[in-house]
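Before I ask anything, here is the structure I am working with.
Chain naming follows the written order as A, B and C, and within any one chain the residues start at number 1.
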Amino acid sequence: MIITEHLHKRFGSQQVLRDVHITCRPGACIALIGPNGSGKTTLIKSILQMVIPDRGKIIFQGDDITGQCEYRAKIGFMPQMTRYPENMTIGEVISMMMDIRKDQKNRDEELLEQYQLKDIYHKRMGTLSGGMRQKVGACLAFLFQPDVFILDEPTAGLDPLSTEILKQKIIKEKSKGKTTIITSHVLSELDEMISEVIYMHEGQVLFQKSMEDLKLATQEVKLSKMIAKMIA
Amino acid sequence: MYKKTYLILIIFFLSFLAKLEAKTWWVGKNESLHSLNQAIQSARAGDEIRVKKGVYFERNLIIDKPLTLIGEGLPVLDGEGKYEIISIKASSVKVIGFHIRNSGISSLKDLAGIKIYDAQDVQIVHNLITNSFFGIYTQYGKNCQIKDNQIVAYGKEEQQSGNGIHCWNSSYMHIEDNVVSGHRDGIYFEFVTQSIIKNNRSFRNLRYGLHFMFSNHDTYISNVFTNNGAGVAVMFSNHVNMFNNTFHQNWGDASYGILLKEISDGKIQGNQFKKNTTGIYLEGVSRVNMSRNTFSSNGWGLKIQASCQDMNIHQNNFINNTFDVSTNGSLVLNNFDGNYWDKYEGYDLNKDHFGDIPFRPVSLFSIILEKNPTTLIMFRSFISALMDKTEKLIPSLTPEQLKDQSPRVQPIPL
Amino acid sequence: MNKIYKHVMVDIIRNRMVLFYTLLLFIVSLSIFSLEDTSSKGILSMLNIILMIVPLVSLIFSTIYMYNSGEFIELLLSQPLKRNTIWWSLFIGLLTALGLAFLLGAGIVILIFETSLLGLMLVLCGLLLSCIFTALALLAAVLTKDKAKGIGLSIMLWLYFTIIFDGIVLFMLFQLSDYPIEKFMIAISMFNPIDLARILILMQLDVSALMGYTGAIFKDFFGTASGISLSFGTLVLWVIIPFMYSLRYFKKKDL
């Protein structure tokens, strides 16, 4: 359960978040969409406290996260593909994560096996293709069985087969009642997974609606069409 | 022929008579004489007085005839802090083997452990003189020998302390193998000529280890001067030779290995100057030949004031000094040649053991320091090194003429 | 904290630059001491390395490392770790790496060739300068957004501490040469860790020259046990204060 209230953030002269309210319920799979520079990544980073908001607060499972770090044990984060230390091997990144979260014993290594990452543990992150890095990121996000998944452009660079594996995984986790936030530009991939849509534009949330509401309002089946209608 | 033989016989006979006549007096607790004073009064010229071990309070002993005083087992003559202990007022007196202590202290009279008044051929050998105002004092002495004495005082202030060996208006003195410490000046000469000072050690004196003025034609050999308040000061003298002496650890703003002032025509050779704030400070010095000396680990090796001229400074070693040479003017009338400078960065392509480019021993920073001593705090900073390097390439503040034309590339073995 | 410290260490040590720096220090210091005929001349060359090269390398290396670790830091930040912990670990990791590099590369050689208080002083100052300039690098890295600006700021800091500051002090010394400003100078030197380290070493190196009057004032301060401890205390403050500032900024920084 994540709630943001009156979130404001300014980078220099640019207002990247304006009074952002969102509510993410357990079991919801939320697509965070919007044009480039609309503040999606900033919002995600605010939830993870990589970016400190100027005003407003973020409540995670009932507690204000300001100054906290333990709540992140309940989040699986998959960053955009370039963001990994380049001179560590896959094995080292994964074992480091395990080391940091030593007390989280229940590990979910399903993706690790499906992507057959263990065979290439010795390869350095810097030498990997974008798709491979995405796989590592996905595995890390799911590894510790968190309550909340935050996936920033998860399918970018992934081949169709791997994308499908990831989608199935997300759907499986959703059915366990976990919250998922996905940002993506490829709306067609989101159709089958998501239950809600948050649309951001120039730092503001234009709307947060469930898929059912959207379908009713727009009389469309495809997400991309719904969005197009909503904005127009 | 016969006459000569007779003469020899007569001389032999006479001297035998004299030997017979010379009597030995014994002084001691268990001897017939208990007092040295009494013995001196009873004795006749040429007699010998032997003093047994013990402590004697004789006030002031005045020796006015040629006597030989010998202490056996280092008898103590105590001046009780009031008297001059031995006053020698006759020639050919010998004082051997006494412990002379606690002379009086006076600001009017120069009280001493042993004082020689206007006498010749006096010998003062093997004595220990402690806690005296002056140690051994000579005035108008001639051809006296001061040898193997140990002179120790514990002076704290210059006014409360006299000199260890003090000579005034004397000549042909031999001062050898003495150890002097804790006095105002270790060895002090004024108007002393034709004398030899050899193998003495003078250390921890309040002012100078050696101090002389107006003393010409003297020779100093193999003495060691360490840790004296202001090092060694040599002024207003000519034809002074200093060979193989050691000047060590004379630390302080006004402390010098040697302070040379108004000196001319001498030789300073084979000496060691080590860890002094200033190795040699020269002011108004002319025609002195300095060679084969070693200057090591001094703050300044040589401080040559512009008033010096015709100095010949060659074949010396300059090793690990903070500054090798500094000067206060741009006029240079002295000659540097064939010295070894460890700061020399030149090369010797023709392998003749002399560097091919001249060395300028005066660094810019030493000139700056001369003008503004506080800049010392910036020494060895990058900016000061930069300034020094620039100055080496284009001399502007350092005297252009002060250079060693043929610096050695290897230290001179000494 | 030590749960990520060791990963930081592994990451830094793998960086070839540290290895190269260690080797370079080792070769240079060994050749300095074996080429010079007296160890005191070697000490002088080492002094320049400690006062110039060590701060420069510590600054540049640490700044570049901090920028190159942007992703690493982000990865750590998405984990249940305090920002405090992350920054401390990075700092201690850099200190360990650069300190070890200095100790193995130069420290041991110095102590072998100059086993004295002077040698010890050189090694201590070298270590402290490594730490100080690492802390300053962290500050430079956290204050600037992009790498080029960060490295630029680092180089400016280095120039400032090695040349500009001294130039200003020297200028001041000449302007105020009529006043007794020795004590003031002692205070001023506290504002530049390189100067402070240099003076501490100077006290051991040029003992004879420092016995002069002006020297004596400095010696009375920097030569006494309390002066030396105060100086080292100040050097330690030079590590702590920039680091604490960088920590404060890092806690609020957006990544």
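Note that in this section a contact is a pair of C-beta atoms (placed from the backbone, for glycine too) under 8 Å apart; a residue touches a chain by one contact, two chains touch by 3 or more.
Source: prediction; values computed, not measured.
Q: Can you identify the chain nearest the overall CA centroid, using each chain's own CA centroid?
A: C
Q: Work out the mean Cα position per chain and let me know which chain is farthest from chain A.
A: Result for max centroid distance from chain A is chain B.
Q: Whole-Å distance, chain A centre to chain C centre, using C-alpha means?
A: 42
Q: How many angstrom lie between the CA centroids of chain A and chain B, rounded to a whole number?
A: So the centre of chain A lies 91 Å away from the centre of chain B.
Q: What is the distance, in whole Å, between the centres of chain B and chain C, each centre taken as the mean of its C-alpha atoms?
A: Once rounded, the distance between the two centres reads 49 Å.
Q: Could you tell me which residues belong to chain C and also touch two or more other chains?
A: Not one residue of chain C touches more than one other chain, so the list is empty.
Q: Which of the residues in chain C come into contact with chain A in the complex?
A: So the residues of chain C touching chain A come out as 3-4, 7, 10-11, 14-15, 68-72, 74-83, 252-255.
Q: Give every residue of chain B touching chain C within the complex, in rising order.
A: On the chain B side, the touching residues are 251-253, 255, 275-277, 297-300, 319-323, 342, 371-386.
Q: Within the complex, which stretch of chain A touches chain C?
A: 9, 11, 45, 48-52, 69-73, 75, 77, 79, 82-88, 92-93, 96-97, 99-102
Q: Could you please specify the touching residues of chain C with respect to chain B in the complex?
A: 37-38, 40-41, 44, 47-48, 51-52, 162-163, 166-167, 169-170, 173-174, 177, 181-182, 185-186, 189, 195, 198-199, 201-202, 205-216, 218
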